[in-house]
Amino acid sequence: MRIGVFVCHCGSNIAGTVDCEKVAAAAKDFPDVVYSDDTMYACSEPGQQGIIEAVKEHKLTGVVVASCSPRMHEPTFRRAVERAGLNKYMFEMANIREHVSWVGKDKELNTNKAIDLVMIAAEKLRRDKPLISKKFDINKRVLIIGGGVAGIQAALDCADGGLEVVLVEKTTSIGGKMAKLDKTFPTVDCSSCVLGPKMVDVAQNPNITLHTYSEIEEVGGYVGNFEIKVKKKATFVDWEKCTGCGLCMEKCPSKKSFDYFNEGIGTTTAINIPFPQAIPKKAKIDADFCRKFTKGKCGVCAKICPTKAIDFEMKDEIITENVGAIITATGYDLFDFKKYAEYGAGKYPDVITSMQYERLMSASGPTTGHIKRPSDGKEPKNIVFIQCVGSRDKSVNRPYCSGFCCMYTAKQAILTKDHIPDSQSYVFYMDIRSPGKSYDEFVRRGIEEYGTEYIRGRVAMVYPVGDKLIVRGADTLAGSQVEVEADLVVLAVGAESAVGAPQLAETLRISYDTYGFYMESHPKLKPVETNTAGVYLAGACQGPKDIPASVGQGSAAAAKVLALFSKDQLESDPQTALVNAARCIGCYKCVETCPFGAIKEIEDRFGNAKAEVIETICQGCGLCSVTCPQSAIQLQHFTDNQILSEVKALCPSMMEKS
Amino acid sequence: MSEKKFLKNESVIPFIEGLAGGRKVLVPVCEGDAVIYRPYRKDCRLELTRMPTISPKDATFPRTETLMTFKQAPVAKTEGDGEGDSDAQPKLELTETLPEEKVVVFGSRPCGARGKSIFTRVYETEDVKDPYFIGRRDNTLFVSIACAAPETTCFCTSVGGGPADTTGSDVILIPVDGGYVAEAVTEHGAELLQSDLLTSGADKAGEAEAVIQKSMELLGDADDFSIAREKLIELFDNDEFWFDMSAKCISCGTCTYLCPTCYCFNITDETAGKSGKRIRTWDTCMSNMFTMEASGHNPRTSKANRLKNRVGHKFSYYPSLHDKVIACCGCGRCIKSCPAAVDIREIVKSAQEYEDVNE
Amino acid sequence: MTGLEELKTKILGALPELDVVIGWEQGYDALNATPLFIRKPEDVERLIIGPLCAHNLATYLPGLKDKKVGIVVKGCDSRAVIELLQEKLINKDNITIFGLKCDGVVNLNKIRKKIGDLGQIRKVVFDSGIITITAGETDHQLKFSEVRMDKCDTCKYPNALLFDHFIGTPDDRQNGIEPEHISDAEFEKMSLEDRFAFWKQEMSRCVRCYACRNACPMCVCRDHCVAVTRDPHWISQENDTADNWMFQMIHVMHLTGRCVECGECERACPMDIPLMLLRRQMNKGVRDVFEYEAGIDPQGKPPLLTFKVEEDNIPEREW
Amino acid sequence: MPVYDGKELRIIGFLCNWCSYAGADTAGVGRFQQPTDLRIIKVPCSGRIDPLFILKAFQGGADGVLVSGCHPRDCHYAEGNYYARRRLELLKRFLPVTGIDPDRFEYTWVSASEAPRWQHVVQTFTDRIHKLGPSPLLAAPLTDAEMAKLQSQVEAGSGCGCHK
Amino acid sequence: MSMNNPYLPEMATINEVIEETHNIKTFRVTLNDTEKMKNFTFEPGQVGQLSVFGVGESTFVINSPPTRMDYLQFSVMRTGEVTTKLHSLEAGDQIGVRAPLGKCFPYEDMKGKDIIFVGGGIGMAPLRTLLLYMLDNRKDYGNISLLYGARSPNDMAYSYELDEWFSRKDLDTTLTIDVEFPDWKHRVGLIPNVLLEMNPSPENCVAVTCGPPIMIKFTLQALKKLGFEDNQIVTTLEKRMKCGVGICGRCNIGGSYVCKDGPAYTYEQLKQLPNEL
């Protein structure tokens, strides 16, 4: 092997505290190094040209560049090396800027350290092998998980782009949280008027296959070729036949069923269509409440259904969908406000969540838009909003800001005044966070035009006196205790990751944070990608977001998928694990630990059990290499021998040290 | 044989210390339950009554021997301007590393010392002379202690040796009451016995004779392994026989590594930076890797193949090439230390007694 | 152990369905047992069981993968069978287990330590806790409890844990000894410096014969062991202390969470290197951290092949 | 290269590419000054780190070994650091058995954004290793004093009980 | 340095590297010590150990004939660590050579006889040295014919020499490949079958064959069918070797050490050895 070493000054960034000439001179004494030089800016055009010329002139077969972090310029130099006619994996970098010159002052020590780093880069390079990417076909269908506004937007954009879309929604209708909202901030336009047409578009778009009341059971395959098992849960209504006429809802004797759509404010029937604008508008039986299931007799709906759509024997069904990419738009759920016992949450009927309040205000809600308090149906006059319920509170393990509560509270206070002109709203808050376009103006309007009274401070407790609720808290600005006599207390509950989000993440093999929100690939530069190729994120599953941000991400994720599918074939990263079949004893410990399901069990031609890596699924973590005791499976480019050579070069086991 | 001398028990340590002048002295010491050869150190746990766990071959055929060292000479130039001969290939400097150390092994058993005679027939022939082995052999003296209490695993008399066999020894010590009757076998041995610590041992000759006689009795009748030469070849293709014989073998190298006569080795290169060395290390024919070719082909894939080679080599191939001398000295280490108690005597006997039922 | 006749009968009954049954027979002398491979009914006559039958025969199972194999196991041996099953290295359908209860097995090294080289052994008798060895003309009497293997001192599993046939009735004895090894207490008192020097000396003795590895029922790589490969090149063939040490580290690390403490490595070691000390100490870590013992539950999962998002006994890293 | 005489000790770091290596980069960008002893070997994931690499480093005379990966739950590969945590914790508990001071080995989690934390880790660990000084060497022969001590331990029946 | 250390290689320089096939390269090597190079002698069929220092040694037949001593030629198929490293070397690189080792073909006994060479793939290498030696001493031998086969034309080493061999009137060359290939003008078929078709007379003839084990097996059967006696068939063996001088003990077949007593054996000799190939 003929190695060339290029030591970059990076202007004075490196050369300021590292003697680059000395590093280059020392490199000449490393095995297989036949050329070594220092250069002002290796990454500049002349710098790269210098590398290319040196490769040709000195017949180099591998290149080490000692400069900045490989996370910065490795792709740059790989391309240069490739232009010089070498395989781009015959290249290593020594990070002598971020890890040396910028963090150490002593030039002598820095130089010595830089020499070591070049040495181990060269040792690793000596054991590099040319790697070649594999190409494979893509199935240009996309799966979108979650039919909230982000998922809807992504589905519509993908479908408009000509892709076949499979949209899977957990509940019986798409629409998500937004469908439950009365109005949206800061424009105070009708939520369902904005969302409704989009929902209809989804239903009518021939490119979109919609599976509602369905969940993801299993995800196999890899980018370009995923195989998805979708569980269609039993609705006990044959949707092929159901026309959504609603007759069953009228006749159903079980009228005290929990109304999920209305957040438990009011009740519904055991067989129901969740809301009039539901897409698809189909009935479902809630088996927890249906008398046929709980008592074993009834069947009224079956008798009166004009299309005979009722089927009490219906079972869950698993269907398979093959797609090339996945967009996860599973949204969020609301913090369980009962954890704040001091606010009387769950104890006093007139302490409700902000979402319940949305339903009370909504014309399609249980009170047809008349704000009535749950306890006695009276119209409340004094309404107290408490902010940060399940946000910015370490004591409930929710240290993060949910981002949108300040805004929706401002909106709800404004709407309250619209509904009940003689009402007074009070808002207990920590800080008002209103950084969006026209947001802060909106909050101001609430204060200035609608007379919402903002009190900066936390509420200590809420307790009933008569039919009133006393809200006691601190006004930290005034430095005094305050007590407000309220008719209704609305808790601005924060967002938390959707129920089941971690489980789904594990099915999808993507990472999630401590709170169950999905991890993006890079917080700045790859906000909708995940670390699993072909899986993208949209909306609040990645972290709390308001509607415009969710819609934006839906479109962004769709654009990513469209870009991915703009090629007919994909190239896999060749830095994958590789099985040396001669050494594999077929114990499949690697199969057990692979986080990506990238290793399959095969038989060789003699019938011996062997492992085989599916290159396109392997993400190159190397977990398998450590799991395999006989080192039969090796992560290419990070083989045992490569890492060992670095260790041995740094710790040469000799007696020189006393 | 030269005159008999007497070494009192109390004089053993001074005698060993006297040997140390100019030579490294290896003595059997007890570590754990194992008795191994270590350079003599004051107050070490000398163990002269038990047979050392490992044979003394390490002295003449070390576990690791550096055959040569090499070093890549630095590349002359390179200052990036392309001048001069930057394409020149790095030159290599090769240095032969022959052993020079002078050694005395004190306390080996006759069977252990005998082992090197098996080496010599292979390592020093007309065609080839192994300078490392020869160098060490010529620089190493063996002071052996005759065997007074053979164990059930011993069978030296069946393979041409005996409890007081002198082959390979320079001095033989016969344990008697209160000390050892010492006799020089070689001139070098005689020089070692010049020490004032020894007294005349003529009067103890009878006692020494009796000790050996007793030992011979304990060993019982010698087995005749002479027909094994043909018999093992005949059985070469009898897979069932070897499959049976090797069933309990676990393919480790204990038998070969402890053996005084097993002389096979491996050669590998090790490097650190630009320098390196070519070393030879003990190897074992019981390992699958021993004959594994780079292509993946292996003529001895099963432990049956490998055991067959070990037994065959010692009792057939070697004797056929070297005047019927069996390449085994009957020390029994391979039996006693075998984790599965594979008994080479039984295998050879089974082969000799084998009758093909199909014939 | 009792019930040799019962065992013989059961083996004879099962033999027609099996390629081989692995048990023990007397070896080269009365104090030596050796594995016995029973293929024909007449082989059964040579079968023995008892305190000399130390070999863990499970070691042979992975090598007989496609055969129908019967195997005689003690409690500790059965753990190796279970671990092999757990790791899918053998197939239960092919294995018939004859389970024994065991009162401990002899460590020949301990006997040698007590009475030196044994010379010509003529007779060995075990009687009520005393072992009488007739060597030459001398009778040596030793307490069995002083010459049994260390693992027997603390044995928690005298009965085979998994079996198709159990011989006799299971022993309900509880040793009442915590699985902390008596001798380890002294080791644990040693300073780090002393331990380092101690292992240096022990490892300098290793001849890299790989008996420890090949005797180990859990060392299933065998021919593919990284100790002898150049890719990966973990260790050189140099037989020096540092490389020997590294080899033993490889062995220990590869057994992490898998070692059933059968003691075969130490028994096999001709150099009497206290390999079990390393394993017991590692297993102690495994017990402390994962509350796990290898080879108990065929459905269990070795701790390094799985994880918990919140580990019960691993403290959060503080910095 | 030998360690820099007298000033440095031999400290090896194994860092996962996605969090800790990036965190060290971030520390560099932020000019968070650190001691120079540490030499970083980049691996894709802490799950790629075979505990044997660490033992190999000690065999070769490393004075300290530091492993750093993504925080649990934040693994780029979803699960790699969970496996790493188990392996490394056992190694840490096992090291004293070999006589290697467990303080010479540390594993920790540093994310890409935690530059000050990385600086703190490097500083603290380097200080600790300097306090411990050079590690004992396997390659160095036992001294007569050590041999004598070992023998006396055996004879006194103390030390390792295995050879009583 | 001692002159007789059998383990000590001579330093040598690679003068030329020829890429024969996708996995075979030929190296032309001269000893650095010009005096030793000038006095170097060997006989056809003897082998050499090539050293890549730091990696190890591997055995290859010297496939240039002793009659052409400008360089020593070795053909190397890439299979293991050493051969992979050798393949990365170029002209000018330094290697070590221990040669000659082993026994040669019984070329003296073949004098005055007809010779048929049957070579498969890399097995052509040992045949080449003897073939060229005989061509250089043409008058000593009777009719010489060569049957050389490979999987495909791309797997055929020494393709650049074939024209010359074809053009010679005193050599009858037949080429074959296993399966049809575009533009292939020679025979198609497995070597043993082609051999049977060629139907050479065993009368005063010696067959020299070398190739992969499976080819050897069937070629031997074919030769027997054609009436060749055991002592009329010569072949070479391959084993894992280390020392090259019959000491280290791994290349034995019974009491015969392939490195020292081989690699060339007559079939008659082979039959006396235990069956362990």
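Letters are used for the chains, namely A, B, C, D and E, taken in the order the chains are written, and counting of residues starts over at 1 for each.
The working rule: a residue touches a chain if its C-beta (ideal position, glycine included) is under 8 Å from a C-beta of that chain, and two chains touch if they have at least 3 such contacts.
What you are looking at is a predicted structure, and each value in this text was computed from that prediction instead of being measured.
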Third chains touching both chain D and chain B: A, C
Most central chain, Cα average position: D
Maximum centroid distance from chain D, chain identifier (CA atoms): E
Distance between the centres, which are taken as Cα means, of chain D and chain A, whole angstrom: 34
Distance between chain centroids, defined by C-alpha means - chain A, chain C (Å): 50
Centre-to-centre distance between chain E and chain D (centres being mean Cα positions), rounded to whole Å: 53
Chain A and chain E, separation of their C-alpha mean positions in angstrom: 64
Of all residues in chain A, the ones touching two or more other chains: 59, 593, 627, 640, 644, 648, 652-654
Contacts with 2+ other chains: residues of chain E: 81
Contacts with two or more other chains, residues of chain B listed in rising order: 31-33, 87, 90, 266, 268, 270-271, 296
Residue ranges of chain C in contact with chain A within the complex: 87-89, 220-221, 224-226, 229, 231-234, 242, 254, 304-306
Residues of chain D touching chain B in the complex: 144, 147-148, 151, 154, 162-163
Chain D partner contacts - residues on chain A that touch it in the complex: 26, 69-72, 95, 97-100, 102-106, 108-110, 112-113, 115-117, 119-120, 505-506, 509-514, 519, 523, 531-532, 575, 593, 595-596, 619-623, 625-627, 635, 638, 640, 643-644, 646-648, 650-658
Contacting residues of chain C [partner chain B, same complex]: 20, 27-29, 32-37, 55, 59-60, 109, 112-113, 116-121, 136, 201-202, 205, 207-211, 213-215, 222-223, 228, 230, 236-240, 264, 267-268, 270-274
Interfacial residue positions of chain A with respect to chain C in the complex: 583, 585, 587-589, 592-593, 627, 629-632, 634, 639-641, 644, 653
